[in-house]
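Quick one: the structure is below, and I'll ask about it shortly.
Here the chain labels run A, B, C and D in written order, and each chain numbers its own residues starting at 1.
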Amino acid sequence: MTLVSVRGVTRRFGEVTALDDVSLDIEQGEFFALLGPSGCGKTTLLRILAGFERPDSGEVLLDGADLLALPPHRRPVNLMFQSYALFPHLSVEKNIAYGLERERLAKAEIRERVAEVLETIGLGGAARRRPDQLSGGQRQRVALARAIVKRPRLLLLDEPLSALDKKVRAEMQLELKRLQHEVGITFVVVTHDQEEAMSLADRIAVLHGGGVEQVDPPVALYERPRTRFTADFVGANNLFHGTLRAQGVEVAGVGLLPCDVPADAALGTAVDLAVRPENIAFTDAGVLRGTVLDTSFYGGQSRVSIAVPGVAQPVEVTAAGASPVAQGAEVQLGWSPAHAVLLP
Amino acid sequence: MRTTRRRRLRVEPLVLLGPGLAYLLVFLVVPLGLVLSYTVFQRGRFGGIVYEATAENFTRVADPLYLDVLLHSVKIAGITTLLALALGYPTAYVIAKLPAKWKTLALIAVVLPFWTNFLIRTYAWIVLLNSQGVVNSALGDLGLIDEPLQLLYTDGAIVIGLLYAYLPLMVLPLYSAIERLDPQLGEASANLGAGPVRTFLSVTLPLTLPGVLTGCVFVFVPSLGNFVIPELLGGGHSVMVGNLVRDQFLKARDWPFGSVLALTLIAVLVLLLMAQAWAARRFSGEGDRA
Amino acid sequence: MLRMSAVAVSAALALFSLAACGGGAADGKAEPDTLDPAADLSKQTLTLSNWAGYMPEDLPAKFKARTGAAVTITEHATNEEIIAKLTAGGDSGIDVAFVSGQFAQALGEQGLLEPVHADLVPNLKNLYPEATELAYDPGNKVSVPYTWGTTGLCYRKDLTGYEPDSWNDILTPRPALKKKITMLGTERWMLLPAQKALGFSANTQDEGELAKAKEALVKAKPNLLAFDDTTFGDRLKSGEAALVEAWDGWCPTTEKNIAFTVPKEGSDLWVDTMVVLKSSKNKEAAHALINYILDPEVHAWAAQNIMYKVPNQAAMESLDAALVKDYPHLGMSPADLLKQESLVDLGEAAPAYTRIVTEVTAQ
Amino acid sequence: MRSRWAFAPFWLTYLFLYAPIAVLVVMSFNAADTPYTWGGFSTHWYGELASDTKIREGLVNTLIVATGSTVLATVLGTLLAVGMARYTRSKVLGALATLPAILPDLVLAIGLLAFYSAIQATLGLHSVLAAHTVFGMAFVATVVRTRLTHADLSLEEASRDLGAGAFTTFVRITLPGLMPGIVAGALLAFTLSIDEFVIAFFTAGPKDPTLPIVIYSMVRFGVTPEINALATVLLAVSFTAVILVQRVTRLTDSLR
């Protein structure tokens, strides 16, 4: 069941078009991510959902009703700010109670719900502290608690993990997923970090230049990117530009690179071919020949850069364990056609 | 080598701190100390001090007459401060939300009148409020009044004069407090269901309270101690603490009593500063965005 | 740090005490210095403090041409202001000051004035005999009178509709004149109408009398437009005020409807005087200046231009009859003037007067 | 805050601030000698103003005091600010250094009058200059201290590391870094000194009144249109000065 429908939303700031005719649907109860580099329009979309921005055209429906008609403070939508935006003059419990007080609930109920959510996020002992007495991770939890205690139809999270250090980040990632399952609220997370999006979300929308590039579950997005941008942005990828032939992609000065070509493909057109580093192997009879530029060890796996004549960027290859080749070695590379993704 | 190093360590603070602190000692601490000590001595016949201890100066200040003057001054300075706040807060708010280019211009425009002489600014109101003045002629021409209103030489004229003199001192700290306020806090409040009025009362106002109090100190304290505006615009109808202090020193030549009256000014200043410091601690906006 | 401060403090003290000199803190009258009648005045430079517009502008140039001594003029707005400066610190840098009689008396008793060397001021002979027996300084020992006069009612006949002749016309005005009256705000002259209306001395030190005077003033205050020492003349001209308490010379009687009168209860005799400061280093030139001012031709300037009577017989007799017609008070004889009560320093009672002024203005 | 009414106090403030000034400027060109009625255009009062020696002398005195006290206040205030940043965290000293900036001017004025009187000092321009230095210094120190909190300490350490002595480091590294703050503080001290009346009124010698004191005695004697002309001139100078200051601060900022 569709919870939010974004229909043809466009928003311009002077010369800049932040959102260009964007349409997408968000399902009830799912964990949805808006992924893209800075300036792609994801934050503008988030702010439109929260009500801090108005689109120039298009409509946004929530449960089939017009969301844009409501002022921010009347929307059943809550936002966890990137900076958390905790009220510095209020204690943790007052911060959390703030939204409930606006609903004119009975004092006892407010107290009960605040205590409950404090328990959920594991900050029962910090109720009377002020935000500046909390650690980064604790503040993030308070910000989250403040938003979910309102039991919104839709919870928006703006770069929820970006301010945390690596270890806390991993913890919070799990925590967010657990919470989402527990409370059953629809989450929309905005992030520029593809790993974060993939580990959290049920579905990801990739935004680029104000438009939606692709909406898919993480695995599909990774394995079958549909645009050159998605292929490049989501995970590491080797991209080759060439002409589509029946057997693969012919790259000038390099040769024919193998891939599965669909029967209805328009042969002879210019296309891109994407091959993930982990899908490339060192072989004796490869399609690419080159010289090893550099190898680096990442513990468990190694990344090898290879200069291939005719290809502008070095080709990246991931190998399990220590690097099987040394710097300066002449190598040949190959892959299974099924692992190569054709991009229009 | 070692000895020169050690010597340098002792000379440097002396060179940097010495002159300034010595100057403050001579021209601030000693003078204030004198004023403080004068409060317990007696006046000389021709002014000056007779060094015989007395508590009379303090019992005199508790006289209803002087208490009335004090209360009246506090009332006038208080009304001035409230008006400055009522006018200054929305002004500062609008300035803080202006685009950067207009912001600078608007700020300069607030301060610019400050650059003409303080007495001339007060004089302008004599011209405006006089019974033949601009305000009365305008009201007369519009047919709103038959007889000129008595505007000058009233408490209202004093309040307007003080407000005119010190309004920029209210706008500037308010502006900097509002400017520093994280706009996301307002959004967060709206997002949690608070309308504009509630957001202002629960978030904006408490977080700008230190600025509000700074502005109030900046307006209230000089208003209380001003003697020129009550003299020029009050027409001698009404006396404020500042006039009393001035008169004790320059007319009545009763320095001890003047010192006691001046002490009340200092006491008010200290009280207000303490309130300000408390608010700054309580409603500090620091730390959250670290 | 401490040592540094100590050095700075003593340096500052030394600096100021170097500049400081004379002044003598001792009470009591100062002994006259020995002055040299043949001193070279061209080596002396005088600084004189006076009310604005109270003497001819070309006086310094003419005096220099006559005696060779240069004169710098500085101005003060009120007696209190110049007294505060003269008594505040060391050498004020002033040689000759113009102050009212009772203030000259106070300065003299404080030992801040050089006694007048009559031998250096031959023009003293031009003074009316009455002007040498003034209560604040009998015999003109420390001061020389410059102008004198009295205080009275100045009014617009067309606005009052009658001829006021009593201090009560100000203290309890007719209904039509309410808020069209001003009184002088300086201590002595603020009390004067009440004191005289109640039949008290203008120098009274009696607590009961002062309390009654105060009561009368408190009752009068709601009917006043303002306390005004400086602009009452303009207010009469503009019609903002109809009846004001005024010094005789400041009443603009050339305006066709404006007249001046001394109330029937009597009034004060005030005198503005010239004094030589004890701290002056140019005392010979100072005396020469006073002598020059007492020259009938110079002294008449004050009567002709600021419309104040001068206690100089030759000067007064030289006045144009038309001028005296325009300013009738100029025709008042010294004998009539002396019927008014001379203001003297109040000494220990001064704070009581200040207090009354404070109480009245604060009500 | 979106409604038009929200802007009403904003415009009211500017109307309130500028209406009196506009009246003065217009009236300064009034031929009539009462300041209330219009008697045709004239620059008569500017002529009066130009030939007024009292105002000219007052202006000269004011400039002497402002310049002298600014120089002194800038040197003392800067040294104090740097010294306090380096050597002390004492709250008492910090409060002491800012006290003259917030103390009611009247209290400082009577204190200094009492002090000068106690040491039998001669009152004159020097006593006003010394008095103005007190609060000028507090403002300079405050502004420079704000600047210091943003200063990069490692620059001074780098200079010492490269072999420069304490004095060289102070002159070549510390001072240039603080320059915008010092300039701003000095300008503030200068402006405040020029406008200052109360302290000057109490501490000036009778011989040398500053411009505000001259204006005070003029204003007390009622309305004279000459003051309108003076107000207009001062306003024009202020406008020019503000523009110049803007340029200068931009210049010094760009020199950073």
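Keep this in mind: a residue touches a chain if its C-beta (ideal position, glycine included) is under 8 Å from a C-beta of that chain, and two chains touch if they have at least 3 such contacts.
What you are looking at is a predicted structure, and each value in this text was computed from that prediction instead of being measured.
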Query raised in the report: From chain C, what is the lowest number of touch steps before chain D is reached?
Result: 1
Report task. Go through the assembly and pull out the chains touching chain A as well as chain B. Result -> none
Requested in this report: Please list the single chain whose C-alpha centre lies closest to the global protein C-alpha centre.
Outcome: B
Report summary line: In terms of mean CA position, the chain most removed from chain B is A
Query - Interchain centroid distance [CA atoms averaged], chain B/chain C, Å - result: 37
Report summary line: Between the Cα centroids of chain A and chain D the separation in whole angstrom comes to 56
Report task. Report, in whole Å, the distance between the mean C-alpha point of chain B and the mean C-alpha point of chain D. Result -> 17
Report summary line: Distance between the CA centroids of chain A and chain C (whole Å) is 90
**Report entry** Overlap residues in chain B, where contacts from two or more other chains coincide
**Finding:** 13, 17, 19, 21, 23, 30, 48, 130, 132, 249-250
**Report entry** For chain A, residues contacting two or more additional chains
**Finding:** none
Query raised in the report: Which residue numbers or ranges of chain C touch two or more of the other chains?
Result: 25, 238
Query raised in the report: Name the touching chain pairs, would you?
Result: A-B, B-C, B-D, C-D
**Report entry** Residue ranges of chain B in contact with chain A within the complex
**Finding:** 182, 184-185, 187-195, 198-199, 202-203, 206-207, 282-290
**Report entry** chain C-touching residues of chain B, taken from the complex the two chains share
**Finding:** 13-14, 17-19, 21-23, 25-26, 30, 43, 45-48, 65, 68-69, 72, 130-132, 150, 153, 235-239, 243-244, 247-254
Query raised in the report: Once bound in the complex, which stretches of chain C touch chain B?
Result: 1, 4-5, 7-9, 12, 25, 27, 80-81, 83-84, 87, 106, 109-110, 179, 185, 187, 221, 224-228, 238, 240, 347-348, 350-351, 354-355, 358-359, 361-362
Report summary line: Residue set of chain D touching chain C in the complex reads 34, 54, 113, 116-117, 119-124, 126-127, 205-209, 216-217, 220-223
Query raised in the report: Along chain D, where are the residues that touch chain B in the complex?
Result: 1, 6-10, 12-14, 16-21, 23-24, 27, 34-37, 75-77, 79-80, 82-84, 86-88, 93, 96-97, 99-100, 102-108, 110-115, 117-118, 130-131, 133-134, 137, 141, 166, 191, 195, 197-198, 202, 211-212, 215-216, 219-220, 223, 227-228, 230-231, 234-235, 238-239, 241-242, 246
